[in-house]
Amino acid sequence: MKVGLFVTCLVDLSRPGIGFAALKLLEGAGCEVVVPATQTCCGQPGYNSGGREVAKALARKVLAEFRDCDYVVAPSGSCSGQMKVATVHDLFKGEPEQADFERLAARWYELSQFLVEVLKVERVPGRFAGTVTYHDSCSGLRELGVKMQPRYLLGMAGARIAEMEGAERCCGFGGTFSIKLGDISTRMCENKCESIRAAGADAVVGGDLGCLLNIEGRLRRTGDTRTKVLHFAQVIAGEG
Amino acid sequence: MFFKQRASEKLGDELLQGNMRKAKGKFVDGRAKAVAEFGVWEEVRAHAAKVRDRALANLDAYLVEFEANATRRGAVVHWAETAEEACAIVAGIARDNGVRKAAKSKSMVSEEVNLNEALEAAGVEVIETDLGEYILQLAHEPPSHIVAPAVHKSKEQVAELFVKAHGKPRLTEIPAMTREAREALRGHFLSADMGISGSNFVIAETGTTLTVTNEGNADMVTTLPRIHVVITGIEKVIGTLEDFATLIRLLPRSAIGQTVTNYLTLTTGPKMPDEADGPEQMHIVLVDAGRTKLLGGPMQEMLRCIRCGACMNHCPVYQNVGGHAYGWVYPGPMGSILTPVYVGLENAGDLPNAATFCGECAVACPVKIPLPDLMRKLREQQFDRKLRPWPERMAIAAWGFAATRPALYAFLSRVGARVAAWMGGSDGLIHRLPGLDGWTKGRDMPAPQGRTFRELYALRQGNRR
Amino acid sequence: MAARRGILARIRKAQGRDGEEPTAAELAAVREAIARHEVGPQPPFAHAPDRLAQFRKECDRLGTTHATVSSLAEVPAEVARYLAAGALAPAVAGWGEFAGLDWAGAGIGYRNRPADANDATGLTGCFCAIAETGTLLLLSSPAAPKLNALLPETHVCVVRAARILDTMEEAFALMRSEAGEPPRATFFVSGPSRTADIEQTIVIGAHGPYRVHAVIVP
């Protein structure tokens, strides 16, 4: 089984460890993993800023890079939503390429869904002796239905889950929104951090690096240096 | 002043923030409970979207059919292309009939066209009778929510307004305030010459207009004064009474988590010759004022909107800044789409960008309007018409240029990762980042770690070979 | 009429149809779609096995109190009991339909007329009731003024058990068969009036009645 790893631009730039954690999990489960060296970004920042053409150009680039993979896996619900939903239902809707993107969408998985639903993993290498609280990222949750999968995997790693109030509420990241409307974004993030503090977990865990950088940035700014902020891949791969 | 500045002010308004905190969750929890016990929510939602689409797809024919039936039943149907025309029509009806006082039930279309101002200029005293609207009329403020217009006010603020308006001792309890308003308004219902209401839908089959309320004020307004004027948008037309039955299962549940509102009133024509109650004249004003701009393209789905307010109740941006930040009568996600279309994209700058695309509104919308997608369409128009500030456009252009050129992108990201890691210092946090102060004003930026994944991966693959 | 022409023409242009007005064929198609009176999906509880129980349950939820009597002749006594229990004056303004009952025998002053602002209690019948939502449906007519259900602080409504239907759609079908078209006011009442406009706190008794009492008769 040849699995393409779409690393995501944020992981590539900012937290390579998440990419290696994903790699370890996939290889550990017996996948042949390829990482196309030319990959950059799924195009979502452009798409959500109104730059439709650049988003289409980048989607085509991703399609070409992963053409010969049985599956494509990304450690992000947001980028996966872009490639599974936006391309098929909007960007290439009614165009000749729509069928190509439908085929790509059918092979494309968010990491936790791939591990649970395709690989059906029953054990993970990581151990986490403590409590975690899980932040549901918007795209993964509402576009793809990522909800129980990461919690199930975290449970396999021995983590106790302390649910926060409003786990499904947006953290305020929203890509360029976090910069364009920084004050509102910060307030939304503070609301999220209040829930995280109230949950009293050792770590806040999520599946999208954008949200995690946002949350970590606010926690640290407000003096919380203790709560770990981790991608679930890091926890279950034992790379946290 | 644009959304961004107004929103920042609202975030710093301690009183408003306190009032918003009190309201927080009530609508959302109520709706969630009502949907959970309903059993066939998605099926009814899909049917409702179909019913709305069917009328919108042949909007002209449905309107003509409605007009024919309403006229047959004795109502006078007026058409208004613009807000000004709508106001002129209602003011004309008032003038022709010697109207001195008009009692109004809640109508967002009347807010949209500024009807009260126009009537007052024509010498008509206008009394808002929905409790929330009455409070705001006393406060000289616009509504901040389409269902709960005074959601931004505390009871203490209301008590203060009532002392000034009613000249009675200050009240502290909400039931007593409600009673005082009831008594103050009862006389106006009985003495008004004209009742003005909106209409949540108009029914083509029967020529019927209708109101959906809990207070009963709309029933007073449509029953007691000698003239009843309905002002509503052309997109509100539906086919049948059965279509209404479907939509009304969704509206109160979506709005406030109620299975049904206390009053639903279908009004068809003026009173019959031997009836004891009801108005002598019924006028219906069908308003365009921008609605046809949404037709026939990707934005048409917005016209399905049934004004339940669920999108704003569920919007984390709205929850934090309140309705007034949006600058016009329609706030929240639906307003972020309607306002730019009705007043012009160039006059509504930030509104299509006032969303993280978290998707909660699209999930909550009872008629399945893809609100984030429609906001994105407006962003595309802004992008194409170069309406966003140039640094933002430059940044997107530069990013697009690099991201489509892997070698350049790899070089830039390697440099970027190193520089940013250096900026992060020993704690790995960037406290201030020029150009990105929208982020760093309230948050640190966790710094990259120095090398990109692809660099490290290439190294690993090299070592393996 | 320039506005009408302008709006209709703009709609047609936006949707890619020629001409300035809907064609006869388009109008016929709309009338045909309307005539189907397509009924949408309904929640399972709308067709409860025990319709009366469902009606009562929804009445409870909305704050409509209810009592069941064994004949129409017992209505005055039930109304007297209800008013006395609430310390309300033994007088009602009611519809002519019920003027022939023995109100004096129950100690109640019955005013056979539309209610005015001074009446404390209004008495009405209803066209039918709807179990799905615990709703009373009143159709206006010279004999059925709406004001009796609206102006007084207390509204008592006589409901015939056989006229309790499952859904609003059934009520509309019955209305079409018995009355043809909706009358001027088709008035659905579901509990006493309320508001939550101050701090989202529910208060019973906004502009309409504070109390709604359904008397169910066979």
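For reference, chains read A, B and C in written order, and residue numbers begin at 1 within each chain.
The rule is simple: a residue touches a chain if its C-beta (ideal position, glycine included) is under 8 Å from a C-beta of that chain, and two chains touch if they have at least 3 such contacts.
Quick caveat: nothing in here was measured; it's all calculated off a predicted structure.
Q: Once you've mapped the touching chain pairs, tell me: line, ring, star, complete or other?
A: Chain contacts: open path, no cycle.
Q: Could you tell me between which two chains the number of C-beta pairs in contact is largest?
A: More C-beta pairs are in contact between B-C than between any other chains.
Q: If you average the CA atoms of chain A and of chain C, how far apart do the two points sit, in angstrom?
A: Between these chains, centre-to-centre, one finds 52 Å.
Q: Could you put a whole-Å number on the gap between the CA centroids of chain A and chain B?
A: 32
Q: Please tell me the distance, in whole Å, between the geometric centres of chain B and chain C computed from their C-alpha atoms.
A: Computed value for the inter-centroid distance: 29 Å.
Q: At least two partner chains per residue is the criterion; list those residues in chain A.
A: Residues of chain A never touch two or more of the other chains.
Q: If you look only at chain A, which of its residues touch chain B in the complex?
A: Per the touch definition, chain A meets chain B at residues 7, 9, 11-17, 19-20, 23, 35, 37-41, 43, 45-52, 54, 57-58, 61, 90, 138-139, 142-143, 169-170, 172-191, 213-214, 216-218, 220-221, 229.
Q: Would you pull the chain B residues touching chain C in the complex into a rising list?
A: 19, 22-23, 26-27, 38-40, 43-44, 47-48, 51, 54, 57-65, 73, 78-81, 85, 129-132, 135, 148-151, 153-155, 158, 174-175, 177-179, 182, 185-186, 189-190, 204-206, 208, 214-217, 219-220, 222-223, 234, 239-246, 248-249, 256, 259-272, 274-278, 286, 288, 292-293, 295-297
Q: Can you list the residues on chain C that touch chain B in the complex?
A: 1, 3-4, 6-8, 10-17, 21-22, 26-27, 29-31, 33-34, 37-45, 58, 61-62, 113-114, 117, 133-135, 140-142, 145-147, 150, 167-169, 172, 181-201, 203, 205-209
Q: Would you pull the chain B residues touching chain A in the complex into a rising list?
A: That would be residues 4, 7-8, 11, 316-317, 320-321, 350, 353-360, 362-363, 373, 376, 379-384, 388, 392, 396, 399-400, 402-404, 406, 409, 413, 416-417, 427, 429, 431, 436-439, 441-449, 451-454, 456-458 of chain B.
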